[in-house]
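Some structures are shown below for you to check.
You will see two complexes here that share chain A, one where it goes with chain B and one where it goes with chain C.
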Partner chain A sequence: MSNGKFSAGEARATGLVDVADANRQYNALVGRLHGGLDRTNAESNWINRSHLVDYALQKVQVTNGIELASALQDNGGTAEFNGLCYDDYGGEWYPNSSLSLTGLKEGMLHIEFSSCYWIRSVDIAAPKAVRWRLLWDGQVVASTGEHFLDYGNIYLCADIPVAGDGTLSLEFSFTSMDTTYDVTSIPHFYFWGGSLLTRGVWR
Partner chain B sequence: MARITNTPLVPGAALTAAQLNGKFGDIETATTTGLDDENVRQEGIDYLQFEVETSSGKAGTILRNTGFTNNGVGTTGTPYTSVDPADPAGSALPHGTGAVLSFGTGGQQLSVNDMLRVHWHTWVSDWTFTGGLFTGGTLDMPCWVIWLEWDITSNALANYEAVPGQTAFTDTAGAGEQMGLCSEMAATMVIPHGYHYLLATVVTEREHDDLQLRRSFNYVNETGNAITVYGLRLVIDGLYHPEYSANTGLVNALVKPAAGGGSWAGEEVDIASITLGALFQRTR
Partner chain C sequence: MDAIVQNNRKLGGLDERRIADAASCTRLVNVTRDRRTGGWSSRIGYEKFDPLPDVLYAPWATSGKCDALYVWDRHGGAQQWILWESGGTLSYVQDFAGAAGTAVTLRTIQSGRTAPAPGEPGTSFCPFGRDLVVLNGYDAPLRFRGWPVMQNNPSVPVYPLGWANVPAAPFAWGVDVAPPATSGKSVSIVADGSTEYGLGSATDGALNTYRWKVAFRTDTGSTSPVSAASNTVQWVTPAAGTYQGKRWVAYLEVPLGPDGTVARDIYRTKNLGSTDGELADEVYYYCGTIPNNAEKGYYDHWSDAQLASEAPGADDSVVLGPRAACRFAAEYDGCLWLSGNSSSGGRLWKSVAGRIDQFRALDVYDVASRDSGEVTGLFATRNYLLVLRERGIDMLRRSSSASGYEVWPLLGGAGCISPRAIAQVPQIGVIYMGADAAFYLISGAVDGGGTLSVTPISDELCGTLERANVSLLSRAVACYSPFWREFQCHFPADGSDRNNLGVVLHTDVGAWSTREGWPVGALAVTLEGDILFGHTEGYTSTARVPSGIFVQVPRQCAGHTVVQDGQDYTTIYADPLTSTIRSAWLAPGDAAQKLTPLYVDLHIETMGNPTLALVVYRDGNYTGVTHPEVVQQRADHIDQQVYGTMVLGSGVGEAPMPAVLRIAVHPGDAEGTGQTGGAASMLAWEVSTDAPFLITGYSFAYQPKDWTLPAARRPQ
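Right after this comes the complex of A and B.
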């Protein structure tokens, strides 16, 4: 990329002013000002927020209150959480939440997810564990290992290149039912207080 | 766009000083506060032109301010004891010299559409079953809760309240009980009080060994008014159990039993190191 330096030759100091030369020099200067300026012409250290339109550099979206999908919340008459029962869940990855992100440009997307969880453990004969993962347009971009505490806090983070708008999905996978020990109608798992942060950065 | 009308010099006509001055005056006029994106070539502006803050990086273009604190403690914990329902609930976590993040005399402004991001990490070093909690029957494991509070009143830091979307665990459940709704736990960290295991065929409880826990909180100010944050702190309380019942309004909640025969007071957890970090940044 050429720089913005004005490089048209000057008229000779001892010569008479020629109309063609004068017009050529002047036209070259004006032409440079009409769409030819660049970083070599501009001063350094002056652009601040007041010079930028919204979303010139980034777009941030925060979604709070993410919890176990309502379709999986059941209680079975227990005094515990309204949570995941084997009446409604058979195992493997479940698409819990989906978020369509718009207004993104080609660049990087920073993703964070944090949440609390509970696993029923009083029926310890059949131990349980849960995993989460984040997907961008169907591609896994971050995942946890197995969480098995009675209560815990999870944190997922990823920075990925994106071409523009897309869909961010949150999935979890819980231990399948133990047909010997598990009761299908009581809750075994619940997560709540989830916060999903996305930040598209393109400059 | 700053556009310059270019009337060429005419061959054969006398060239006067006024004509020349006029032509360069046109340039001066157009380039004085008139240059914009149409005068600049594509990708013509670079990082060099951005106003930077060389000592901290907080130029305000995206990042406005940061804060970080820790309590200067390693793995040796301070015990916290579970108590019966009270208002306000919980105990502030500052011990040692940290875990309260102050933003000075003037506080830090969270402008409209600005975002506050808080991350905290804690080392839970020990638990003590002291109150007979698990004797006499099988009990669903209870938990401790740590939640985030801020002071948006003054730099006296005497008026902390739960951050937006966060309960202070003072709602009423059943008679004498207190609770927090799970829908209001945007800044809650949960700590298991122990775990169950099978000893022969008997379900038995035991304390964990050390646990390191982390949680984050994100809040975008969409109130329409700027908020000045003077301080952030963490509060711990226990013990709570999960409940969904008529007492909780048929929503998921963490409930603390009433004082008396069913009390869970007297249990302990030791909290060792705490780190707390915050970012104030633009979202647009």
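Right after this comes the complex of A and C.
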């Protein structure tokens, strides 16, 4: 039968052991699996939840609580809170977090990252800015421009083709120290509340 | 005398006329056409929609007869909505959500609908873009959107079609130029001094007068009728003080729209000043949009100089009014066409192109001027719209006339009262069931020098169609399946008030057959070509009776039977339907010449050991001689392996082979006239069985006798 759910043949008692009849029902079902079921076409009339195993079509993971790497959390000895200090950081891209994603199949990976940040504005002559980027197996897949506000939210989103498991990395780049205006031992930057959503949708 | 053999290598279709081709059949019941061999196969039946045995007939266990069934496919079949109506409740079948093990369920779209009377066709459906229009001539028409479906919040995306009422007028708060306000609702918001912002005149002491209107917009892009004017807001531009010469911001309370409203457009007059004239003379301009159906307030800050687009006229969008009782709809030329109910049966209304909720006041077409009766259906095909009427068929298409469309009579004197018994058949045309219970084909084209013709095509069914209950032909249903290559129609017959007889046109060869014992209340075809039908009886008061949706399948079963196993009930496949082939009456040579039948050779495809019994009829007799059963194996070769004899692991799969079953015709006990045996002037053979068979043709051998019919008898 055309859709694989209804009968496509029948083995009658005392009837021929008809090869074509047996194949018709089986091929309809298998053909449906091959052509009628994918991430864009889980046809509503053919399968229901009971037919699917977990992660048959997609896999989702949400990672919360992403913040400034602990190695950079420093109060400089005097501040009442931790943050990025220039005695720990000199500039350029810093690999803040890394997430290994497993169980992925060939298909598309949807990535969303959101967070909020704080920047200390010392002097208008030395503005501070922060940039973020996401990397998949070392390749940049999403990046932001420079954020200058004292408080702000950032959001990155990307849809990339993937062939299987890989590693997703989050990096940021903060303005390097200005020797005239900046002090090494006070926090200048912090981000928190990062939420990373990854959703793999199989081809 | 030597035997004479008449070969009919290719068995034809049903032909009930007395003078018919020798290869035709006088009965052809419950068969389907085998594409490979061209023969008639008995391997056909129906099973329930949800094949699981332990769910019985769920979710239709308590559903009565099916009044309407429709399959709406979208996105190449990724979304498939099966709509089911019974007992005044319209639902859709949901079999795609929930945790593992969730059974198929019915989600109600609308309950309390008017159930159709026996002589009424019931609900009709018309897909238009992202919406499915649902209407029955009694209840207000609906738009069913289908998606999105919220798993945890069981809301169904269904909206009213069009607007039943003009939007309520907005309420404008007063403008208080000397705050605080002394009484009532007022605002005191000064606009910037530029000419871009602020209502009113900057001239000291000028009187400013404004009114507003509102219109709703749906997600179909349609705009509702414009509301009545709001209350008047007046103030005098301050001539002194802090707010001297200032313009002001107004505030409106804007009514919310009905379900489906996605935005509300605000229209405003320009400053009427001291000329508080007739409302009808006022001109309203578009001044802003609330892009949702939630906010209840709107701050109007645009100056008159920013207003340019005039508001829609009163005729640009009207309430549904008489259209609310429309029975049929069709999509043609990008517009939604509606036909009236019994009180306005000669009217057609057209929506604005691409906007199915919006109707202009003058977009109405009256087809009742010709004496062809009410409109009984609409069907869009090619580049014209068929208007089915009680005593005729009209055609509506675009023209250069002032209205943009013309109605032409296509067929007069014979109409169609079965709006659900019409289907488009590829490479053939449009087939419909006429009011005279015959089938007609509309084929050809109207452009490019083509000729449009209406041709009767069911002369062969003269006997079967005589049984149709013409009073209830409105209940007839038809469909075309590209998978089965069948146009089939089921209608009430033999006085019944339910569909109980079907006819099938096998479009590959243009041959007819009949279907008996199929409880088809409503028909629908999926994108893949599966034929679904709703049960014509359903649940009444007896539990666990067949009800709901069934599917035509190549398995010989007439649905299911419920069996009890301890405390549990399950379904098993019911007994097969009986399939029947009866040949034409064969009267070779001189009609008065007697002949002795010798044998009938059935040209078949082998089926194994299921048996066939041949019945031979003589001279028009009602009863025939039943011959011993024969197996469907080749007589001159070893038998093919069948279930029960093949050893698993060592047996070889088989395939049906062409074979000839030679069945000697029993001479009978006597050779006299009027007996079941012996010589005859006319002969016919029949196979009627629930066994699988595939018959492609036959040969008939006979020997002419040396005597003929006696003279006709005189009355006694």
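The rule we apply is simple: the second predicted complex is superposed on the first by the 149 of 203 C-alpha atoms of A that agree within 3 Å, B and C clash if a C-alpha of one lies under 4 Å from a C-alpha of the other, contacts with A are read in each partner's own complex, and residues count from 1 in each chain.
One rule holds for everything that comes next: a contact is a pair of C-beta atoms (placed from the backbone, for glycine too) under 8 Å apart; a residue touches a chain by one contact, two chains touch by 3 or more.
No experiment lies behind these values; they were computed from the predicted model shown.
Visitor: Is A:E80 contacted by the first partner chain B, the second partner chain C, both or neither?
Guide: Touch status of A:E80: first partner only.
Visitor: Of the partners chain B and chain C, which touch A:D165 in the superposed model: first, second, both, neither?
Guide: Neither partner.
Visitor: Name the contact category of A:G65: first (chain B only), second (chain C only), both, or neither.
Guide: first
Visitor: Once chain A of both complexes is superposed, is A:Y55 in touch with chain B (first), chain C (second), both, or neither?
Guide: first
Visitor: Does chain B (first) or chain C (second) touch A:V19, or do both, or does neither?
Guide: So A:V19 meets both chain B and chain C here.
Visitor: Of chain B and chain C, which one contacts the greater number of residues in chain A?
Guide: Between chain B and chain C, the winner on chain A residue contacts is B.
Visitor: Name the residues of chain A shared by its contacts with chain B and its contacts with chain C.
Guide: 1, 17, 19-20, 22, 36, 42-45, 47-49, 52
Visitor: Chain A touches which residues of chain C in the complex?
Guide: 43, 47, 51, 75-82, 95-102, 104, 483, 526, 528-530, 551, 553-557, 606-610, 640-644, 646, 651, 653-656, 691-692
Visitor: Flag every residue of chain A that touches chain B in the complex, lowest number first.
Guide: 1, 4, 17, 19-20, 22-23, 26-27, 29-30, 33-39, 42-49, 52, 54-55, 57-60, 62, 64-65, 67, 75, 79-83, 112, 114, 116, 118, 120-125, 149-153, 155, 190, 192-193, 195, 197
Visitor: Tell me, which parts of chain A touch chain C in their complex?
Guide: That would be residues 1-3, 5-20, 22, 36, 40-45, 47-50, 52 of chain A.
Visitor: For a test of understanding, state which residues of chain B touch chain A in their complex under the given definition.
Guide: Interface residues on chain B, with respect to chain A: 1-4, 6, 8-12, 15, 23, 27, 30-31, 35, 38-41, 43-46, 48-52, 59-62, 115, 117, 138-141, 143, 165, 182-183, 185-198, 203, 208, 211, 213-220, 241-245, 251-252, 281-284.
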